[in-house]
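Below you'll find the structures, each written out as C-alpha cells.
Each of the next two complexes has subunit A plus one more chain, namely subunit B in the first and subunit C in the second.
Presenting the complex of A and B:
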C-alpha cells in the first residue's frame, strides 16, 4: 500500500506543474501577508521609524504580568497626554521631551498599542464574572420552571466563564491578523481543485483503468491509495500554508509573545466558550481547516471520477467551490452546520459558539459541523468506491 | 492453466455482440482473429472481468473466476489495445509502479524490471519518458508490464497495430520468446500476425466463432475452394465476383487474381493452396474489395 500511495502521489501531486504552482502560491501568500501587515500594523500608520523604537522600549517594560504598578505607570504616562490632546494644547510641530514626535503621536502610540488592550484585559475579569453571575441566576430560574435544557445550557456557560482572568499583557496584533487571514485557505482550495481533477480522470484519459482493473492491487487497493494520497496532499497543503502563515506573520509583526495566553485575550473572542490558548486555538483552526478541505476535496474527487475530460472536471469543480462559498456567505445562518466551508473559516465557530438542543442536551454547534463533515467524508468515500467498482 | 468460456452472451442495447460463445484455452499461442466489431475485444473484456456478460461463465481450471478473482488476476498479463500509459513517467518507474499494482515485492520488482528491460530491449532507454517513446517501444513496454508477474495467461489486444514491419517482426519474436509454458491469446484483425506464431486460430464473426483449429486444419477446411485466374490487364473482368477476391497482383501485362469460392468461379480458374487469409475471407462475410 505504501508503494501505491507513493506512486499515486507521484502521478497526481508531485508533478512539475504542481510543484511550480505551490512555489508561486507560497510566494504570493507571503506577499499578501506583508500587505496585510502594512495595512494593519500601527507602525505603518505612524511612519516615523522612531515609533517602533519607542514602542519596543515601552513594550519590554510593560509586557508580562499585568501588575497594579504597571497599570498605574502606563496610565500616569497616558492620562496627561490624553488631557492635552483633548484640550488641544499641544504643538503640531516636533516637541522637545516627546517620546516620538509630539504629544499627539505619543498619545496615539500609547492608545493603539497599550491602553486599549490593557483596559480590555483589566476589565475582562468583571465581564466574565458578570456572565457567570447571570448564568447562575438563570440556572436557578430555569430549575424552578423545570426547563432542564436551558438550565444545562447556562451551567455550561457558567463553567466556561468561571474564574476567567487576563493577568498578562502581550502584543496580540500578529495573532489578531493571523486569525482573520483567509487568503491561504483560498490558495489551498485552488491547489486541491487542480490536483484532484486528475486523480481519476488521468486513468480514463490514458486508458490505464483497463490495466488497473486487471491487476491484483488495481481495484480496492488503488482506490484506497488514491483517497489516502489525496487526503495526505490536502493535509500537507494545510500544514504547509498554515506554517507559512504563522512564520510570515511572526516575521512581519516581530512577535507572537501571546501564544500561551487564553484565546479570549483577543477582544473578538471575548464570548468564546473555549478556554484554550492562542496557539492551541490556531492549531485547532488548522485542524478544522484540514477536515473542511478534505471534505471539499472528496467532492472534487467524485467529480474527477464521473467527469468527461480534465478541463470539464476543473470547471465543474470550480462551480462546486463557488457554490459552497456563496451558500456559506449568503445563507450562513441556515446552512452553516451542513457546509464544510464553515470549517475553513472556523474562527466564527470559535468566536460565537452556540448551543443546539439535541434531545434535551445542549451540544455546541461545532460538534455538529465536525460530525456532518466527517459523515460527508465517509459518504464521499462510499460514492467513490461504488463509482470505481462500476468502472 | 486451462481457461474455459462457457456460453458467453452479451448485448449492448438491442445489439447482440456475443452469441453464446464457448471456447477453451490451454498452453500455446492462440490467435483470435476477426474483423473490427466482430466481438473480440468484448470477449476478452469479459474474460478479464472488465466487461460484464449478460450470461455465461469464465472458468479457470474448472473454478469460476468470479469466485477466485485475485488468484485469476495474479495469473494473467494484459496488454490493451493502443496503450498510452502515463506519458510523464519514466520507463523503469512505470514498470516499478505496475509491479506494485501486481503485488510484487519491492526487491523482486527491481530484479524483474531489470530482466524484462533487457528482454524487451529497453534497457538503454529505461530513463526515457513514456511520452518520448515510439509506437514500437511503447508496445514493448506494454508487453514488459504484462510479463511482470510471469503470467500463465498473456492476453495481447491488437499488439502490432500501428507498428512498422520491422517492429512488427521484433514484436512477434518477443511473443514467441515468452510463449514457453504459457497460454497467449493474440487478439488481432491482422492475419499475418497469427499466421507465423499461433498454434491455434479462432476466427470470430458477428459475435460468434466461425471456425477454429491449427493453421493446417483451417487451410485444409477450405481445400479446393481457393482459385487463381490470370488475366491480361486489358481484358474485361466483368465475369468475376470481386466480393470473394482475396488478392490482385499485377505481373507485367497480366493480373493474377486469387478468388475464394465454393465453386469454380470462371472456366479458366485453377485450384491453389489456401492460406490463412483465404480462410479468414471465406468465413467472414462482408465486402473484402
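Presenting the complex of A and C:
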C-alpha cells in the first residue's frame, strides 16, 4: 500500500509542473505578505527611518512584565506630548528635542505602538471580571426562570473568563496580521483544484481506467491510495503555506515575541473562550484549515471521478468553490455551520463565543462545523468508493 | 475554416457555453447592479426637476440658483408651518388650506432631490472649470467598475483551451506537420476563431450593459468633462465622458484579445490544458488580488491593466499622513507617455505570442465531445433553483401591529417591554412581568459592555428583538469601526437568546478571498437605522426616511418605499404611511403594491385593529379615527392634544393640564385621569395598565 501511495503521489502531485507552480505560488505568497506588512505596519505610515530605531529602543525597555513602574514611565513620557498635541502647541517642522520628527510624530509612535496596547492589557482584567460578574448574575436569573441552557452557557463563559489577566506587554502586530491573512488559503485552493482534476482523469483520458480495474489492486487499494495521497497532498500544502506565512510574517515584522501569550492579548479576540496561547491558536487554525481543505478537496475528487473531460472538471470545481464561498458569505447562520469554508476562515470561530443549543446543552459552534466537515469527508469517501466500484 | 467553426461552436458545443456565460453575465448585471449614487435614484423626480434648471457648467448663475432655491425651500417650509398653525387657530378654512398645501407639498416633495443635487454642486464648485452638473449614475455604472470580468476571462480561457487543447491532449497535433494546410493556415484560422469568439463575447456583454444602463439610468451629456464624475475628478488631462467611454472600451477590447492569445500560447507551450487553465487563471487572479496598490496594476504590461481600463483615466490622489514628512498616494496617475509605452509593450507581446502560436502549432481533427449537456443543465437548474428559493419563505403571523410613533414600548405574552434611561442618559431595554411587576433588563449578553446596543427594539408574541453592533479594529493606527451588526432574538419565556441575522458593517466590504473591495452600502443603510420590525422571515428597517425589507435567510435587501420619516404603521403584512406629499398610502408587502387612501391628510398616524387613528390636518389637527379604507371617519377630539396613544379598545389623548382621556372608537369618553407626569407615557395594546414617568419613578395606572 505504501508503494501504491508513493506511486500515486508521484504520478499526480510530484510532477514537474506542480512543483514549479508550488514554487511560484510560494514566491507570490511571500510578496503578498510583504505588501500586507507595508500596508499594516505603523512604521510604513511614519516615514523617517529613525522611528523604527526609537521604537526598538523603547520596546526593549518596556517589553515583558507590565510593572507599575513601566506603566508610569511610559505614561509620564506620553501625557505631556499628548497635552501638547491637544493644545496644538507644537511645531509642524522637525523639532530638536523630539525623539522622532516632532511632538506629533512622537505622540503617534507612542500611541500606536505602546499606549493603545498597554491600555488594553491593563484594562483587560477589569473587562474579564465584568464579564464574569454579568455571567454570574445571569446564572442566578436564568436559574430562577428555569432556563438551564442559558445558565449552563453563562457558567461556561464565567469559567472561561475567571482570573483572566494580561500581565505582559509584547508587540502583537505580526500575529494580528497573520491571523487576518487569507491569501495563502486562496493559493492552496487553486493548487488543490489543479491537483485534484487529474487524480481520476489521467487514467480516463487514456482509457486506462478499464485496464486498472482488471489488476489485482485495481478495485480497492488503488482508490484508497488515491484518496490517501490526495489527503496527504492537501495536508502538505496547508503545512507548507502555513509555515511560510508564519516565517515570512516573522521576517517582516521582526518580532513574534508574544507567541506564548494568551490569545486574548489580541484585541479582536478579547471575547474568545479559548485560553490557549497565540502560537497554539495559530496551530489550531492551521489544523482547521487542513480539515476544511480536505473536505473541499474530496468534493473536487468526486467531480474528477465522474467528469469526462479535464477542463470541464476544472469548471465544475470552480463552480463548487464559488458556490460554497457565496453560501458562506451571503447566507444566514445555519448555512455557515454546514459549510467547510467556515474552517478555512476559522478565526471567526476562535474570535466569537457562539453556542448552539443541543438538547439543552450549550455546544460551541466550532464543534458543529468540525462534526459536519468530518461527516462530509466520510460521505465523500463512500461516494468515491461507490463510484469507483461502478466503474 | 468552416469546419473549424463547426467543430468549435457546434461539435464542442462552445455555443452553449457562450450562451450560458452570457446568461450568467446578464444575471449578474440585473441582480447585482446598484446605483452609484443612491440619493439620486431614490429621489429622481425632484432631482431631475432641479437638474434641468442648472445642469452643465457651474457659473455665477448656478450659484445664485442654488442660493435662491435653498432660500425658497426654507421659506416654503416655514410657510407650511404657518398655514398649519393658521388652520389650527381657526384663521383659515380647511378648503383654502388644502388648496395651498397641495401646491406646497409638491415643492417640498422635491426637497430630497434638491439635497442630492446640492451635494453634487458642492463637489463641482471646488473645480468649476471641468466639473459639471449631470446625472452621473449611468456613466459611473459604465466607467467606474474596476473589477475583473470573470465571465469573460473564464469563457476566453475555456474557448482557447478547447480550440487548441483538444488536439494537443490526444497528441494528434503532431500529425499536422504532414497535413496540407497544417503548418500555418489552420493555426491562423484557429487563432482568429478564438480571438473572434472572445471579442464577440465581450462586445455583446458590453452592448447589453450599455442597453441596461441606458434603460435604467440613461446616458446624458457625453460631451461633459470626465472630471464631473468624482472617481475621475483628479485626472489632469482634458477628456469628455464619451472619450473615456470609448477609450475604456478599446483598452478592454485590446485586453480581451491579449488575454485570449496569451492563454492560447500557454496551452501550446505547456501542452496540458488543465495546467494552462490553472496557470493563466491564477496568473491573472492572483496578480489582481495580490497587488494591493491599484495603480500598480496599470503599470505592469499584460492583459490585467487593459481589462480593468478605468484606472488609465484616473488622476493622482494624495492623502497626507498625520505625521510630517511623507505623502501617501492612494493612486498615481499614469502619464500619456507611460500609457503609450505600456500599449507598445503589450503590442509587442501580442505579436510575439501570435508568432509563437503560428510557428509552434499544428493541427489535426478531434471530434471528442467535451461539453456534457447534463452537467450544464444541472448547473442551470441549480442556479435557477437557488434564485427561486431565495424568494420562497413562509409567510408571517396575523394580528401583528407596529406604530413608529410608539416604537419605544411593546408587549409580549408575559412581559411589557419599554426603554428606560438612567441618570447618565444611557438607554436600557426593560421588561416588566405583567403579573408580578418584576422588572429586568432584556439584554443579558455578558459581553454587552463591548458592543453598541441600539436604542430601538421590537417585540411580539414571546420574543424581543434588539440590535447590537460589534467593534473592530484591524491595525494599530486605525480607528475602531463597526464590525458586524446582529439582530438578536430574546425568547421572553426563558430569556434564551439567538442571533437571527448578522451583516458586515465595515465601511469597506471585502469578498471572502479579498477578490473585490467596495464601499459597503450596508454601513450607510444600517448606520441610519432608527426603528425596525420583524415579521415572519422578513426584517423591515426604517433607515432615514426609507423602509427596507430584508430576508433573514438569504439576506436579500430591497427598498420598499420612502415616507415622510414620521408616520409609519404596520399591520398584518400591510404598511400604512404618509408619503412626502402627505398622502396616506397603504403598501402591501405580499403583493408589493402601494395604494393611496384618498381623502385622509394625516399626521401622528397609528393603527389599531380595524382603525387608523390620526390627527386630521384638514380639521385643525383633530384626533380622528377611520377604518382601514379611510371611508368612515369619526372625530374623537377636536382641540389641541399633547400626545395620542391607542390600544385595541380605546384611544387616549393627553391635554395641556396633564389629563389623560380615554375615548372609545365610537367617540364616547369613558375615563379621565390626572397624571403627575414628567416624561414618557406608555400605553400598551392589551396590558391593562398605563405606565408613566412620575419624576424619575415609573408609575402605573389601571386602565
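To be clear about the criterion, the second predicted complex is superposed on the first by the 389 of 391 C-alpha atoms of A that agree within 3 Å, B and C clash if a C-alpha of one lies under 4 Å from a C-alpha of the other, contacts with A are read in each partner's own complex, and residues count from 1 in each chain.
Simple rule for what comes next: a contact is a pair of C-beta atoms (placed from the backbone, for glycine too) under 8 Å apart; a residue touches a chain by one contact, two chains touch by 3 or more.
Note that the structure is a prediction, hence the values are computed from the model and not measured.
Asks: Look at A:214 in the shared chain and tell me whether it touches subunit B only, subunit C only, both, or neither; answer first, second, both or neither.
Replies: The first partner, subunit B, only.
Asks: Is A:3 in contact with subunit B, with subunit C, with both, or with neither (first, second, both, neither)?
Replies: A:3: touches subunit B, not subunit C.
Asks: Give one of first, second, both or neither to describe whether A:387 is in contact with subunit B, with subunit C, with both, or with none.
Replies: neither
Asks: Residues of subunit A touched: more by subunit B or subunit C?
Replies: So, of the two partners, C touches more residues of subunit A.
Asks: Quick check for you: in the superposed arrangement, does A:130 touch first (subunit B), second (subunit C), both or neither?
Replies: In the superposition, A:130 contacts subunit C only.
Asks: Would you check which partner chain A:270 touches, where first means subunit B only, second means subunit C only, and both and neither mean what they say?
Replies: second
Asks: Between subunit B and subunit C, which residues of subunit A are contacted by each of them?
Replies: Touching subunit B in the first complex and subunit C in the second, residues 205 of subunit A appear in both lists.
Asks: Looking at the complex, which residues from subunit C come into contact with subunit A?
Replies: 154, 158, 161-162, 165, 169, 270, 272-275, 277-279, 281-282, 286, 289-293, 321-326, 328, 368, 370-372, 375, 379, 440, 444-450, 472-477, 494-497, 499-502, 511-514, 552-555
Asks: Enumerate the contact residues on subunit A facing subunit B in the complex.
Replies: Checking each residue of subunit A against subunit B gives 3-4, 7, 10-11, 15, 202, 205-208, 210-218, 222, 391.
Asks: Which bits of subunit B are touching subunit A when the two form their complex?
Replies: So the residues of subunit B touching subunit A come out as 48-50, 70, 73-74, 76, 78, 80, 82-89, 93, 96-98, 100-103, 106, 145, 149.
Asks: Hey, which residues of subunit A end up touching subunit C in the complex?
Replies: Those in contact with subunit C are residues 17, 21, 25, 28, 31-32, 35-36, 39-40, 42, 45-48, 92-94, 101-102, 104-105, 108, 112-113, 116-117, 127, 130-131, 134-135, 138, 141-142, 145-147, 149-150, 154, 157-158, 173, 176, 180, 182-183, 185-187, 190, 193-194, 197-198, 201, 205, 267-268, 270-271, 308-316, 318-319, 325, 328-333, 341, 345, 353-354, 357.
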